Amino acid sequence: MTPKIMIILGSGSDIAIAEKAMDILDKLEIPYSLKIASAHRTPNLVREIVKQGTDAGIEVFIGIAGLAAHLPGTIAAYTPRPVIGVPVDVKSAGMDALDSIIQMPYPSPIATVGIDRGDNAAILAAQFIGIHNDEIHQRVINLRKEYARKVIDSNESIVQAID
Amino acid sequence: MTPKIMIILGSGSDIAIAEKAMDILDKLEIPYSLKIASAHRTPNLVREIVKQGTDAGIEVFIGIAGLAAHLPGTIAAYTPRPVIGVPVDVKSAGMDALDSIIQMPYPSPIATVGIDRGDNAAILAAQFIGIHNDEIHQRVINLRKEYARKVIDSNESIVQAID
Amino acid sequence: MTPKIMIILGSGSDIAIAEKAMDILDKLEIPYSLKIASAHRTPNLVREIVKQGTDAGIEVFIGIAGLAAHLPGTIAAYTPRPVIGVPVDVKSAGMDALDSIIQMPYPSPIATVGIDRGDNAAILAAQFIGIHNDEIHQRVINLRKEYARKVIDSNESIVQAID
Amino acid sequence: MTPKIMIILGSGSDIAIAEKAMDILDKLEIPYSLKIASAHRTPNLVREIVKQGTDAGIEVFIGIAGLAAHLPGTIAAYTPRPVIGVPVDVKSAGMDALDSIIQMPYPSPIATVGIDRGDNAAILAAQFIGIHNDEIHQRVINLRKEYARKVIDSNESIVQAID
Amino acid sequence: MTPKIMIILGSGSDIAIAEKAMDILDKLEIPYSLKIASAHRTPNLVREIVKQGTDAGIEVFIGIAGLAAHLPGTIAAYTPRPVIGVPVDVKSAGMDALDSIIQMPYPSPIATVGIDRGDNAAILAAQFIGIHNDEIHQRVINLRKEYARKVIDSNESIVQAID
Amino acid sequence: MTPKIMIILGSGSDIAIAEKAMDILDKLEIPYSLKIASAHRTPNLVREIVKQGTDAGIEVFIGIAGLAAHLPGTIAAYTPRPVIGVPVDVKSAGMDALDSIIQMPYPSPIATVGIDRGDNAAILAAQFIGIHNDEIHQRVINLRKEYARKVIDSNESIVQAID
Amino acid sequence: MTPKIMIILGSGSDIAIAEKAMDILDKLEIPYSLKIASAHRTPNLVREIVKQGTDAGIEVFIGIAGLAAHLPGTIAAYTPRPVIGVPVDVKSAGMDALDSIIQMPYPSPIATVGIDRGDNAAILAAQFIGIHNDEIHQRVINLRKEYARKVIDSNESIVQAID
Amino acid sequence: MTPKIMIILGSGSDIAIAEKAMDILDKLEIPYSLKIASAHRTPNLVREIVKQGTDAGIEVFIGIAGLAAHLPGTIAAYTPRPVIGVPVDVKSAGMDALDSIIQMPYPSPIATVGIDRGDNAAILAAQFIGIHNDEIHQRVINLRKEYARKVIDSNESIVQAID
């Protein structure tokens, strides 16, 4: 199945954050590819991967990076497709990466999610695709219901435990 | 034409940020609607607007708010559609609003853009819709080219001015 | 005995902070109820719990949440009763939750206490109720005396230890 | 009429923040008194004012201060009544005052509101008193409705203006 | 020997920071006393201790506290003697305590040292006393030389180790 | 009259902060000298001024600087006398200067006062000298009384204005 | 004369910061070129300019940018020559740009200077070139002396003004 | 071989950061010397070392320090050669050291690298020297290629692992 989402890691050391995204995408049955490419060490590789991905029909890119996290912005420079950025907490509680990703100037937005939130990046990507894909849209709705159900169950157990 | 994007302002005082978004959407010829609804003063109005919007086919919501900026999160609680959040600089250089929007827990992402960046919110919304709408996709590409052209022109005039 | 205070947790994972509040309320013999309800996953549950609680005579709500901590604000949207907010340190040393709770716009205040301070939330709730309940007011005075006594005792032992 | 609320200013230069509180209290028809007393220059005056106020039946204290804002904490040291703290933005965007007020240790909570939010301090005080005073409780409900109405009206005018 | 310096701890839990100060004062052979007194739980005890200390000839006070660290400011309110403040890192990397101590308004300065720097507080106190006490002044000079010597020795060993 | 205090400015552009100190020292009738010397541009001048000042009987140094504010630390490197540091708000709301002055390692303390607080630096210097100079000690007490009196007067006028 | 330094601006709106650099380079008589190229809008232009510059013998690059300031990092990705980064204060007091420039991962350093410090970037560039160019090295020494002289003169006038 | 680079540590406790620099310099076969000298404890030693180093032909200085990190600025005060500063994370996540190093006033720049980045300091120093030393310039290019290769290899293994 052709991947709709491409996850790009700035460094192999951030793989745990990517796995949070991949777990959700597996659960939502959305095909994706995973790449490692550094905006600073291998700028040509980023450009090539992103251009090929765009041509091959990738609908959403997810860039995961810490420190001076330029990867999502570099991806956005080479594709008109929406790019989701995940700031990783390597130093400074992740504030350096957050600043480097979210404060993009016009007209180069990154859809930024919370620090280390690979999971939310995956949901967001599914929501974008779900705009025109009813099946995926329905899976997002189901996943949301499942988690709402967990809260409701926790609430019921707590109430019982105390009463 | 049925709006594809709904912009919701937490307060009428943030209208300037909404206008930055509306200018871009006008330019991209994407129909939108504009609402004012406060997550704290009028939670039922937010719920109603968002549910009706979702049922009426809104594809992307943009929530614009300052301070303890709960509006984008409240929108996300009532729709499975993607929500873009724009933190507004009212106090604390906008860091309070940024924290309140971006640090959403799983599975409730907000696609957050930079502080006061109504313009980037509009581009991002267009990118989401452009995934399956080739016309809008092409307009985004054209707008990006136009702005790239401006940089190239500035560079050329500067070089001439100095030489 | 009808509870006067309702503690609502945004997530079961913040239970340790709720326990700090419950320990003090037990000590002050003030009846309370405990709920788990997420502002983002289960907004309807929050609304329902808060409205029922308000109708049932809850006098003070305590909302405990981390990250983009919207729960206390959401509670305040559905009740005219005072709401105490406890920011939880999940990320960013709790500054994200603090910003999300304290910077509420007019006219939707949250009585915010320090990061992770479930204990102080309980004292504060007791003080509110103590305005018209002399017995609880007296218990707060006694508890304050007890802790003042501990400081005085520490001071005396230290002085003896050094002399 | 005996005041139920005492507003204490750490410095005459913060009067504008106190006026925001007084305007709301006037609107809610809740009697209050206003004092100026510095925790650092006149600690005895603070103690005396707070003790006399407590004995005279003050139900809620509001302390307004900037910089190393010790006033609300000093008030709390001398009364078992609830104390609301309003951090004032004098330097550091008010973060110094916020830190100095909210991070109170156990068992000395301050019900802290947002930076410069004299208005929210007044609402909060009214909510505390409203726990046992149905008339004031009703006025808070009415004020909330009035502001909800303003949002609804803004929304309607905006929608009309655009359509 | 009559103590010249009084160290006051806001809480017994900060004893490690006081010990850093006491070790240096022992080394400099400057007599001191140690007290525990909370600005919030036992304001009268602070006042009493400080007034008695001032009358008994204490020349410098050292206040050690974390969180909303009002203790040094409260000491300063009751004595015209210089007060040294040591912010303790309990939460927020000690920034809350630092803000609460250093940002004192005019005319109530606190001689603030770095976060957790009980050792530097002791040196500073010795320097104040050394202004008119040649023996203590000379001991400060010697201690500075000793530490300068340690750096010079480290430098020499490192150079040898590498060569 | 021989100066007891030396004020050193890192840059002539910070003269306004020095004037706040000089006004208070004039009022307290304490002789001082004023110098301009940059830790970075003229390190030898700083060393020379500080060594000569120390030899000439300067009892307290006040270093005033913004940005990477090394001046107070450089002064402390060349004198065993106490050094007061005043961080100046040039950029970053003065946090860069505050960090650069207060976080001095052992055994090189700077008695740091609040951002831009030349006035408090002067009071603090007077307190140090007042340890052994009863006349100056008495002037500090009088100045404190004067400012306490101003607060008491403000309080009385406010109370009258409202009644 | 062949330029040794290339200044690249991310946006024409930051020209004032570039002018601070150009004024110093003019004074030091070091030839430079000025370009405008955006890392996000025109990544290919950046690559092309940097590669051509490197081939043409540019010895130092200066990248000037605000917000999510990726320009210096992008320059560094395409040249082995040293890159100086100047963070510009557009939002967040320039902290976003500072984080985006300085926190570069290994092995892609940026020689970062203070916020808005185009002037220091020019000095630093001159120092790099001065390593092997004695004439420029001497000019840097002269410029340092000139500024040291200004401080010494200010000090002398101040001393005279007060005496 | 005469060292071209001098690494100066403010304290022996920061040796791990120096080792990161030395490892890279060894790899690049650039001779260096290592010194320990504190700007506060041993200002004369710093001056002497830096002046001797400058006279002996040191081309680049690297200053490594934490807290109120004045060492790089002090080095810069005594040499016209470029100085690289490495802020060390001792307290405050290294922000105090970063502020103390990067915010240097004109005309005293420090080429600042990221927090704890001894490795990047070494690369940067090699780049400066590489301006006029083709052999070292080539080694930098090779080292960059080696690290680019590692990213490319990681990417290939990841792709294989998933496929």
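In this document, chain identifiers A, B, C, D, E, F, G and H correspond to the written order of the chains, with residue numbering beginning at 1 in each.
Heads up, the rule we're going with is that a contact is a pair of C-beta atoms (placed from the backbone, for glycine too) under 8 Å apart; a residue touches a chain by one contact, two chains touch by 3 or more.
All figures in this text were calculated on a predicted structure; none of them were measured in a lab.
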{"item": "C-D or D-F, whichever has more C-beta pairs in contact", "value": "C-D"}
{"item": "Centre distance in Å when chain C and chain G are each reduced to the mean of their C-alpha atoms", "value": "52"}
{"item": "Approximate Å spacing (C-alpha centroids) for the pair chain E, chain H", "value": "35"}
{"item": "Residue list for chain B, restricted to those that touch at least two other chains", "value": "11, 38, 41, 67-68, 91-93, 95, 102-105, 107-108, 110, 114-115, 144, 147"}
{"item": "Chains touching one another, given as label pairs in label order", "value": "A-B, A-C, A-G, A-H, B-C, B-D, B-G, C-D, C-E, D-E, D-F, E-F, E-H, F-G, F-H, G-H"}
{"item": "Chain G partner contacts - residues on chain B that touch it in the complex", "value": "89, 93-95, 114-116, 144, 147-148, 150-152, 154-155, 158-159, 162"}
{"item": "Residues on chain E engaged by chain F in the complex (per definition of touch)", "value": "24, 59-60, 80-82, 84, 98, 102-115, 117, 119-121, 123-124, 127-133, 137, 140-141, 143-144, 147"}
{"item": "Chain B contact footprint on chain G (complex, rising order)", "value": "9, 11-12, 33-38, 41-42, 45, 67-68, 91-93"}
{"item": "For the chain H and chain F complex, residues of the former touching the latter", "value": "10-11, 38-41, 43, 47, 66-68, 70, 73-74, 76-78, 91-92, 95-97, 99-105, 107-108, 110"}
